[in-house]
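Chain nomenclature is as follows: A, B, C and D, assigned in order of appearance, with residue numbering initiated at 1 for each chain independently.
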Amino acid sequence: MNFELSDKAKKYKEELIAFMDTHIYPIEHEVELYYARNPKKLHPSIEPLKEKAREQGLWNLFLPLDYAEHTGGLTNLEYAVLAEEMGKIMWASEIFNCNAPDTGNMEVLAKYGSEKQKETYLLPMLEGRIRSAFLMTEPSVASSDARNIETSIVRDGDSYLINGRKWWSSNVRHPNCSFYIVMGKTDTSASSYTQQSMIIIPTKTEGVEVVRDLSAMGQFDFPSAHCEVLLHNVRVPAENIILGEGKGFEIAQGRLGPGRIHHAMRSIGAAQRAFDYMCKRVNERTAFGKPYHEMGSIREKTAKIFCAIEKCRMLTLKTAYMVDTLGAKGAKDYIAALKISVIPEASRIIDECMQVFGGKGMSTDIPLAAMYSHWRAMRIADGPEEVHAYQLGRNLLKKARDRKQTDIRYFVD
Amino acid sequence: MNFELSDKAKKYKEELIAFMDTHIYPIEHEVELYYARNPKKLHPSIEPLKEKAREQGLWNLFLPLDYAEHTGGLTNLEYAVLAEEMGKIMWASEIFNCNAPDTGNMEVLAKYGSEKQKETYLLPMLEGRIRSAFLMTEPSVASSDARNIETSIVRDGDSYLINGRKWWSSNVRHPNCSFYIVMGKTDTSASSYTQQSMIIIPTKTEGVEVVRDLSAMGQFDFPSAHCEVLLHNVRVPAENIILGEGKGFEIAQGRLGPGRIHHAMRSIGAAQRAFDYMCKRVNERTAFGKPYHEMGSIREKTAKIFCAIEKCRMLTLKTAYMVDTLGAKGAKDYIAALKISVIPEASRIIDECMQVFGGKGMSTDIPLAAMYSHWRAMRIADGPEEVHAYQLGRNLLKKARDRKQTDIRYFVD
Amino acid sequence: MNFELSDKAKKYKEELIAFMDTHIYPIEHEVELYYARNPKKLHPSIEPLKEKAREQGLWNLFLPLDYAEHTGGLTNLEYAVLAEEMGKIMWASEIFNCNAPDTGNMEVLAKYGSEKQKETYLLPMLEGRIRSAFLMTEPSVASSDARNIETSIVRDGDSYLINGRKWWSSNVRHPNCSFYIVMGKTDTSASSYTQQSMIIIPTKTEGVEVVRDLSAMGQFDFPSAHCEVLLHNVRVPAENIILGEGKGFEIAQGRLGPGRIHHAMRSIGAAQRAFDYMCKRVNERTAFGKPYHEMGSIREKTAKIFCAIEKCRMLTLKTAYMVDTLGAKGAKDYIAALKISVIPEASRIIDECMQVFGGKGMSTDIPLAAMYSHWRAMRIADGPEEVHAYQLGRNLLKKARDRKQTDIRYFVD
Amino acid sequence: MNFELSDKAKKYKEELIAFMDTHIYPIEHEVELYYARNPKKLHPSIEPLKEKAREQGLWNLFLPLDYAEHTGGLTNLEYAVLAEEMGKIMWASEIFNCNAPDTGNMEVLAKYGSEKQKETYLLPMLEGRIRSAFLMTEPSVASSDARNIETSIVRDGDSYLINGRKWWSSNVRHPNCSFYIVMGKTDTSASSYTQQSMIIIPTKTEGVEVVRDLSAMGQFDFPSAHCEVLLHNVRVPAENIILGEGKGFEIAQGRLGPGRIHHAMRSIGAAQRAFDYMCKRVNERTAFGKPYHEMGSIREKTAKIFCAIEKCRMLTLKTAYMVDTLGAKGAKDYIAALKISVIPEASRIIDECMQVFGGKGMSTDIPLAAMYSHWRAMRIADGPEEVHAYQLGRNLLKKARDRKQTDIRYFVD
């Protein structure tokens, strides 16, 4: 297990931090207040900043090595370190074309898309010209079990007809959002995991209705806002299917792996930033005649948060390393571990740091309440942690049964 | 320790539940969506409902027995049971004229107000005609330590001049809000706890500026919204001082006791309602081929939440009983206990129940996310739980030192 | 809900505390050291102390009102308060003839025993002349599920032949132990819960072999030590069956209720005593130039433990009250709650108090380590808390389904 | 950060596992039962096994590279992997001459000892011929604060006179124990951290009295048992002082670092083994008609323990790496982190695994109860975790103050 960064990755890290220090931190608060007032418009600095980032090569860094012409050619481990930095600001990833769900969609198209799909959808995404959404979750079923999906994708001549209701679809409100990747069922009589397919629906297609904006824990998360989308007799050409009928579950499995580790990486950055904020507060504030930083309970809390962040970070690095060396499939236990014990922990840490600020912590004067709401909601996105824990437990116990047990290692029984 | 309800209290409880079932639950969701869209207007049903509640005598139930002409004449214990019911809906207390901070302000005026103050401010509040705010917390100091308060109240002839900046002042945006009770310092050279005074400022006084609305965990909590208020050379007649100069700390102590137990009572109702929601969901939903209610981990979770709620409820009842029998001062250890281990626990319980709903839990389709945000923020209001734990620990250890220790009860040393 | 003690109960409480102060606390440490050195002998003070307690009427206080000639005629609620006091010392209950498993066995015989069984076994137990064991748990199956029990009780003419292996049988090493009540199966073809029967086996019967002593968490808990017992073709007269064949499960259900609440009551006493020890230490010790009691983290810890004990105590009182008013069956949800959230919590509290003592806490110089081990093991006795949580969750969710849901109380869906 | 093992380390690991599989696991239970019956004698297999391990070069692996002639020349990181394996069995480290407190004492003598001390004490220890104890903790003061130490070391001509009382001195009962390193004060008028000195006392010196054996959480931990030792006018030659008067604190700091990470490494092995035991049980047991491994709550528990162990392991590896690259001083924050969040976590994990076994878990039929007691006690050894958390928090906050804060990274204030 080698976590050394290449010189290239170190250089990226330095440049990324410098870019954020120069261009992003100074306008962070202003941008967040802007979205509170202008929820459906991009802040005017966003596109220029993306242009600048792209010029400097701080662009598409998340993309696996195989697509090296579009990316910096970094390993997942190396990207983890950069994603942590991006995670310190809620909206920073997009500046570097590294934001979900676009990253996952780009990976899907890069891995499974036809040449035409790549040209029409992937290329402009890689260039940052368009955005996309991923329509997976449905309001009426437990969507973390793909077998429950109810949206139908029915072949009709040279096209498909799509009907269904989706929600928590991020990016739908983004002014540049130009297509959705939709998960549905093409064949409800097939075996459980070959009923599903994925298909591309351009945003402007007839029958697509954005029903409403959804707030997650009171946050609308503009501009990438989550929406409920109704698909009513939506018709798209047959060529819009990705990889072929019945491949939806397979693609979904491939899609979730890296995305999930990106989330975890960013959550470390968010937790670290909350901790930095907390330390700053503790070093400045006094109550009951004593500086906070001399209070024993605050010192203990500080120490415990440091330990918790370090543990999360190390587990995330290991997981990235496992994905690099064994592939997403080989690393699936660790990918699940991030969902179970990194994202909830990051959310908990942000909450604890926020508490130290009293009323200010609850407000928008510092970014912690918004960060908390975001990461609390992330405990649900991609399936609640309980589902991942259930499955990981099942897999680990299965492995334990399969393993040749050296009985000598156990006492009686 | 006797927790039996009087027949009168039982009757109130039945009537309150019936009232809520008939008039409040049916419009709960509509009202909450209304405030999301019309943040600064009262929902048109509110005033008529208050009228109806008042007619039925479901009114001012929180008020201690001493003010029996205005109230049902209930003990704190009896009120606790009613407050739990009110706590099931975020905005229900106001319908019964039992909402913070008006309740606290009414108690202050009833206990410490001059005849004129009672006539001008208390009476219309008891009749529900006006609302009020309590301006205590300041953005630049740790206000849970009253010694830090910076707002100045300076005698100038027949009036006082007030200067300061307050925030988290609830009710300020309420259309009927007509005065503030403000905590400030009249004499910074006096001993630590006699520097503070409380004074009444009518809302329309010159120099009062409502600077901005504050969101708490992403919620604006309209119509009682929390605001930041600037007081710049605000002049009020000298008679507006409550009880006299230097009495601010004493009044604050008296004020917080009952209010804090009201919050705790309501938090039990909120937790119970979240639990009822969760049970309903669990009994309706299926995933991975299995009804939720047959899943072992969900059954364990259900059992643990039941236990947690019961414990919180019992501690709250005991505290109310202690206040009834020993007074707020004699019960202060228990009052602190509610802040330390009931409100945070209620907040945690709501969070756990919410988790079972997946995406819906984060949304406004059910009230849990809003409830969570509210109760999370309540861990800060009236001073963060850490401050209460620190003080309670100090008091308990002091008592242990004072207690005659029967040495026979300890081994060696 | 009325938790007032009768004058009689108050008097018992005073006398019990006085008795313990005079006779038990002063020799507590000596007795515990004695058992460490003389594991299989009764400490010479035990029988005289029992005599004295019996003379003073501090005797059989646990027994329900129905057996008033043998007891003080206390409610479960009233006994709870006394049991808490007894729980402060590991071996105090026996002095008052109130120790498990004798209490449960006495209840079984009083409720279900034949006249002859009462005369032969119950009467001398009520007088404290003999002790007994309860042989339920088996090493090779999950015995918390009574259907798994493998011990066979086979009718053979005028007698029964018993074969099986039991463990964790307390009191077996007690010098006065004179019989066992054994759970086994008389008919493996009957329906699940009518296969089991209970039978009395006198200690000296041929075929009874005490295989070994078991330590629980390193403690042998002499003199009531837990043992493994082999029953090999043990023959007893047919009249030794209790209540009749197939009644074992029914008796077991009846037996566990009160016993479990006795354990919980005592666990509060243990937790309270650990807390008293901790407060004493904190008030005496200094480190890093500061008395412990001035340290913020210790103050917070003190406050939180106080709250936790109060919550456990109140839940236990409520449960006792429920048993008094609804019977053990009507109170079963609450009885389960004690197992789930009082005993584990008491064990956790003792652990936290112990931590404050550093090395001394781990030692036998104070009783906390032994108390911890005992209460940790009690999380397993009568079935692990997980089993109770599983069943309680199932029951609560079933009740929620059965309850007429006022749909008006829920939003969407 | 590179966690790759050298080929040499990999080979050691393979050989160590093979050695344990062949020679240690098969007799583990027998040895533990032996010590329960023969507490003060070495099990007859121990010395022959040590001989065998030494022949195979599985010897002194803990020793830093600087003493390469005596060791395998491993980094701390590489040793961590081996120590984890040794930690799976309570008494395995000694077989490889890698057990505390001998390791710490060997390091002290290697780093700070005079030539004569090395020859007389270090050499035979390196060869495994003698054992030693470290007398630090005192019963009457909070010894985690070295300033509190009361033992006196007074120069008297060519010798020192030592008086004091020590406890929790491990190895004192070991049949081969031949000397103690004792911490005391040579000059109570010097500055706080130069009052302390360390001195060597041969076991047989007049005035040394082993007062009693101490059980830690009910375990006597033979043969290395913890004892209370009285030093009464003990006289040793002046040359027995280590490094010189006033150097005690400095040596103690150096001593604790590596020892603490060894403990943490071993605790990972203990937690992993408890987890392996749990998985085995879960895969074999059935209750309520269902194999444990199909139960949702057990699957979730399994997943969470896996995550917790992985996090602890990764933090331990990082710390070892930090010690390798920055030295114990440079790595002190991480060394503290192990004490705060690895050892208590390992103890908690063992407890959770034990719970799954019901009664068997509490017994000596599997090693988990003994492991739990050991690791619970280790939360106290070398200073309770609270002390480390307090100090780590202080250091981190100090660093935060010293760090040049980029103000741009914070919002308002």
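Assume a residue touches a chain if its C-beta (ideal position, glycine included) is under 8 Å from a C-beta of that chain, and two chains touch if they have at least 3 such contacts.
These numbers come from a predicted model, not from an experiment.
> I want to compare two interfaces, B-C and A-B. Which one has more contacting C-beta pairs?
B-C
> Tell me, please, which chain's centre (mean of its C-alpha atoms) is farthest from the centre of chain A?
The chain farthest from chain A, judged by C-alpha centres, is C.
> Between chain B and chain D, what is the separation of their C-alpha centroids in Å?
Centre-to-centre distance between chain B and chain D: 51 Å.
> Where the centres are mean C-alpha positions, what is the separation of chain B from chain C, in Å?
Measuring from centre to centre gives 41 Å for this pair.
> Centroid from C-alpha atoms only, then distance chain A to chain B, rounded to Å. What do you get?
So the centre of chain A lies 38 Å away from the centre of chain B.
> What parts of chain D, by residue number, touch at least two of the other chains?
Expected reply: 296-300, 360, 386, 390.
> Can you check the complex and tell me which residues of chain D touch chain A?
For chain D paired with chain A, touching residues are 1-4, 21, 25-26, 28-29, 88, 273, 276-277, 279-280, 282-283, 293, 296, 298-304, 306-308, 310-312, 314-315, 317-318, 333-334, 336-337, 340-341, 360, 365-367, 386, 388-394, 396-397, 400-401, 405-406, 408-413.
> Of all residues in chain C, which touch chain D in the complex?
For this pair, the touching residues of chain C are 137, 139, 142-145, 148, 167-168, 214-219, 285-288, 297, 351, 355, 358-364, 369-370, 372-373, 376-377, 379-380, 384, 386-387, 390.
> Quick check on the complex: what are the chain A residues that touch chain C?
Listed in rising order, the residues of chain A that touch chain C are 295-300.
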